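Each of the next two complexes has chain A plus one more chain, namely chain B in the first and chain C in the second.
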Partner chain A sequence: MAGKLLPMVDDAPEQPQAGRTRRDFLLAGVRTGSVVAAGGLLTILAKAPAAAGTVWQIDPDKCTQCGLCATNCVLQPSAVKCVHTYAMCGYCKLCFGLLKDKRTGNTLSVENSRCPTDAIKRVFVEDPYYEMHIEENLCIGCGICVKGCTRFGNGSMYLQIRHDRCVNCNECGIARACPAGAISRVSVKTPYKLKTRRA
Partner chain B sequence: MVVTDADPPIDPALVKFRTVGVIETGMAAPSGIAVAANDAILVAGDAEVRSYAPDGKQQGSIAVAPRPACLAVGPDGAVYVAAADRVRIYGGDGALRSEWPSLGDRAELTGLSVSRDDVLLADAGGRRVLRCDHAGRELATLCGKGGGYPGLLLPSAYLTVRHFEGGFCVNNPGLHRIERHAADGKLTSSFGAEGLEVERFCGCCNPTDFALLPGGSVVTVEKGLVRIKEYSREGRLLCVVAAPSEFVDGTAGVALAVDGRGRVLALDPKKKVVRIYERKA
Partner chain C sequence: MPLLEPGPWDRGKRSRLALAALAAVAGAAPAARAQEQKKQPPPEFSEGYTPPMPSQPQPRMPWLAMLDVALLAAALGLAAWIGLHRRSRREMRLLGLFSVLYFGFIRQGCICPVGSIQNVALAALGSGYALPFAAGALFVLPLLASLFFGRVFCGAVCPLGAIQDLALLWPRRVPAWLDSALSVLPYAVLGIGVLYAAAGTAFVICQFDPFVGFFRFSGGWLAISLGAGLLLLGTVVGRPYCRWLCPYGVLLRWTAALTRWGVRITPKDCIQCHLCADACPFGAISPATLEAPAEPRATARRRLGRVLAVTPLIVAAGALLGWLGAPAVARYDRVVSLAERVYLEEAGRVKGQTDASEAFRKQATPTGELYRQALVKRRWYGGATTLFGAWCGVVVAGKLIFLTLRRRRPDYEADQAACVSCARCYTSCPIEQERLTGLRSPLRDAPEQL
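And now, the complex of A and B:
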């Protein structure tokens, strides 16, 4: 059986094509890669970051929830997601990460919801406490909930770059756009900046 | 500083106090404020309590245990300082007179009020008010859930207690109200409602602190949309003391006190200053 001198068409590495953006190219790579890599640290290592041993992350204490994480990531939806530290949460019935101040009876009616993609689910615990769950597949990283929670609540909701999604670009689009300088490279050994204190 | 809803504007005619002084504390983490005899202003923070004359000039300081949360002055001039799970009592000379035992791992003291008869402790961690004698012995646990009373709802650790006409007042931020209780803890009245409008308390958990002016009106402060307001005894909004424009983004945990002249003292932990407000003529 003859060896291959040139790659067959099916084996050729994907190249940017006319009309395709870098974002499209990377998305395709991620779709393939995600089948192989199983998330978490393995995913980080598998992506062979340009700055060896580091990944991008958001400092929640510097983040101003400007909204650019939702639009400036090469991935769509963004690799930035809202995360929730339950130990900090007040389990508020009137969660300002979830609800606007419309005073419509604290219901979950559409006009009262702060999240544009309905990614936050409110689960009853006991009167008057509710637990807020983030549906990551729906979250676009806009930070609207984070702004509400940070300002009026405990700040238990905040944004993080999820490394099972992030492709660890050499030059991170949201780091470049961040007006607060909140995004920097951190060690893969501590890839998240998790909150532990109350606001 | 806007979330997605427009903040309701403050009618300038409602602002009936003016700033007459600002004290730069110079502390890294100022946390509590109280008024002593002769209207001396006491500020707790870092690991000390500083004393200022009513005009803001520093008079002295004493060293206290690190990270004080709040303080109050006893009838004899002793300074009661709460930090985390315990109370320490200092003389005016800074000598530690006594240190009460720990109230438990869950205790997080955020307010205290001292009278001739007893000491009231606001334990945000335990969601309770404790009545103690001056030696630190617990006499009663108050404001627990039961008997139709929903308990103290504290999404975040902001709880204050003040003696008031034989009983006491306490804020219940999760219910957006100020409550009055009899000495035995029974709820006697309350006022407050949730909302961004100026007469209401905004966010999930406000007001975060309050103080009682001579005459019984109540001064409150909120976080998120930081507003200091005065309410009548019955809960009717009387005026605005300070509008949100006086505070910077991220301000939370403003501590209040009032002096014998009816001035409002607000400790801003973000700017690390005390603002002194006086009613406009």
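And now, the complex of A and C:
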């Protein structure tokens, strides 16, 4: 046996012959019917407009920045990141997204930053405007900056599921946890719900 | 004039007052929030600066899902070939290892045929969801394979099955009564999975998937401990998830019972040595019925009659339990639990707000609309949970009927509905060893050793 781990396939046992009894005939009918039905179903599906599938996305208008996106995603860090629609931004020097509510004095120093991972970089554009740039590889999707920007700023910062990271679970962990019900399936062809500058 | 000047507007009291005013406005008029948000007009830049656009990294290409479907089909074909034709345990184990690595760790277990039950249920019974092609194909392919080759999907393609098969180090047999009793559980899991998916409430089969946490190296403590517990148990008890929990296994049982080709243990005549049945860790080999049953036919018939007589009672009891449990089952739905909470808050019977009720109030949906939606859901759950209870009753009664039936088998045979084509029995069959080695089995000449 030791030298022959693989069986000799030439004399493999014969399977029983079908088609002899009425039972065999009925079973063959059931099997053929199932194959035809499955083939039909898959053909219909392949032509359906939704065949390409869905992905999960956050509706920024419903989001309450509760912070569960950072903890309830199966990925660590979360697939949810802060996204910035710059066209809506006021380009403030002191960004509500960036700074604490109760900052001490008029200081621009780092300890006043409210982003726990320092993912917001302030880039000078022209006096007195500053671009708030999100470093996505640092962002953990906690939504603290989004909360500040939504409550006191222009709401140009918001959370989105980033599809380069999202593994598109059949049941999205943060969708289940979201208290606002803000996360739903969207078509894979329109995978983002970006805010736009309102007229 | 804008409330806030751009730049260093932070000049103590004034800005704090402005903040307070803004907060008051934001709190008082949630409906007008979207309009109020533009508190600081985007500046007009002088030096030709244009605001950058947020990037939109695209999801995994849809054709890659087709690749997964093709790989699944190929793996099913390979498993059928190895299990039924090559009859090689070693190759089956290698294929299982591949499935754990690719479908498990690389594809991270989503979506899988087990979970696709819910996509099908949601598309067929729910509203507003169209079944994606890949989900439909993943659902159908293993069932089709099982219709022709038995449960080869479970054997070495399903990553959940394969990881348990690899973990099974010291197999022990489970008492038949326990195995039989636990084997009704998957029907209940299937029922509850379809129930919650069709309602659009949740995909609970995925939520309580015990092994996906391992495949992703993450997951909640509940999922991880469930998976670790099952794997630990699975070192001595063969495939506990597949046999006593997996809802897709139920469908595969049904199709495999009709299978065209299945595992045949002995290449030629069975010498009834029962070594294969001893080797099967899943209790999937039915022993030969050597002697006619000792009891007279009339006794067996009376017993069947009694079970058939209580069947309607069992089904009715199940339906009643389902109907009674409907409100509790419905509470798992977001809308229902939210409506109950908001109602209690409005009535002043609870203090404070939950995150969900706070979020609901911010969205400024009328409370009546929420109650209406919750009532529709509740009514649906009333009927559906009753049906679910009746289904559980049917399963229990069916199990009892099945247990009263005796069938004659001349030889030891793989029970096609339960067999997962793991190929363990081949290595223990002395007649198969004769075929492999060309040597005559000593058991033939010394049948008293059996």
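In the analysis below, the second predicted complex is superposed on the first by the 136 of 199 C-alpha atoms of A that agree within 3 Å, B and C clash if a C-alpha of one lies under 4 Å from a C-alpha of the other, contacts with A are read in each partner's own complex, and residues count from 1 in each chain.
The rule we apply is simple: contacts are C-beta pairs under 8 Å (C-beta built on N, C-alpha and C of every residue); 3 or more make two chains touch, one makes a residue touch a chain.
Just so you know, these numbers come straight off a predicted model, no measurement behind them.
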item	value
Contacts of A:Pro128 with chain B and chain C, given as first, second, both or neither	both
Partner chain in contact with A:Asn154 - chain B first, chain C second, else both or neither	both
Touched partner set for A:Cys166, first chain B, second chain C, both or neither	second
Which superposed partner A:Ile144 touches (first chain B, second chain C, both, neither)	first
Touching partner for A:Pro191 - first (chain B), second (chain C), both, neither	second
Partner with the higher number of touched chain A residues, chain C or chain B	C
Touched partner set for A:Cys95, first chain B, second chain C, both or neither	first
Those residues of chain A which chain B touches in one complex and chain C touches in the other	89-94, 103, 128, 151-154, 198
Contact footprint of chain A on chain B as seen in their complex	1, 3-5, 150, 153-157, 174, 194-196, 202-205, 223-225, 252
Chain A-touching residues of chain C, taken from the complex the two chains share	4, 6-11, 19, 22-23, 26, 34-35, 37-43, 45-47, 49, 51-54, 56-60, 62, 65, 84-88, 90-91, 108, 110-112, 115-116, 118-119, 129-137, 140, 143-144, 147-148, 202-204, 206-207, 212, 216, 218-219, 255, 258, 260-261, 264, 266-268, 334, 354-356, 358-360, 362-363, 426, 432-433, 435-437
Interfacial residue positions of chain A with respect to chain C in the complex	1, 4-9, 11-13, 15-16, 18, 27-28, 30-31, 34-35, 38, 41-42, 45-46, 48-55, 61-62, 64, 66, 74-76, 83-94, 103, 106, 125-129, 131, 150-155, 162-164, 166-171, 176, 179-182, 185, 188, 191-192, 194, 197-198
In the complex with chain B, residue positions of chain A that touch it	89-96, 100-101, 103, 114, 128, 144, 147-148, 151-154, 198-199
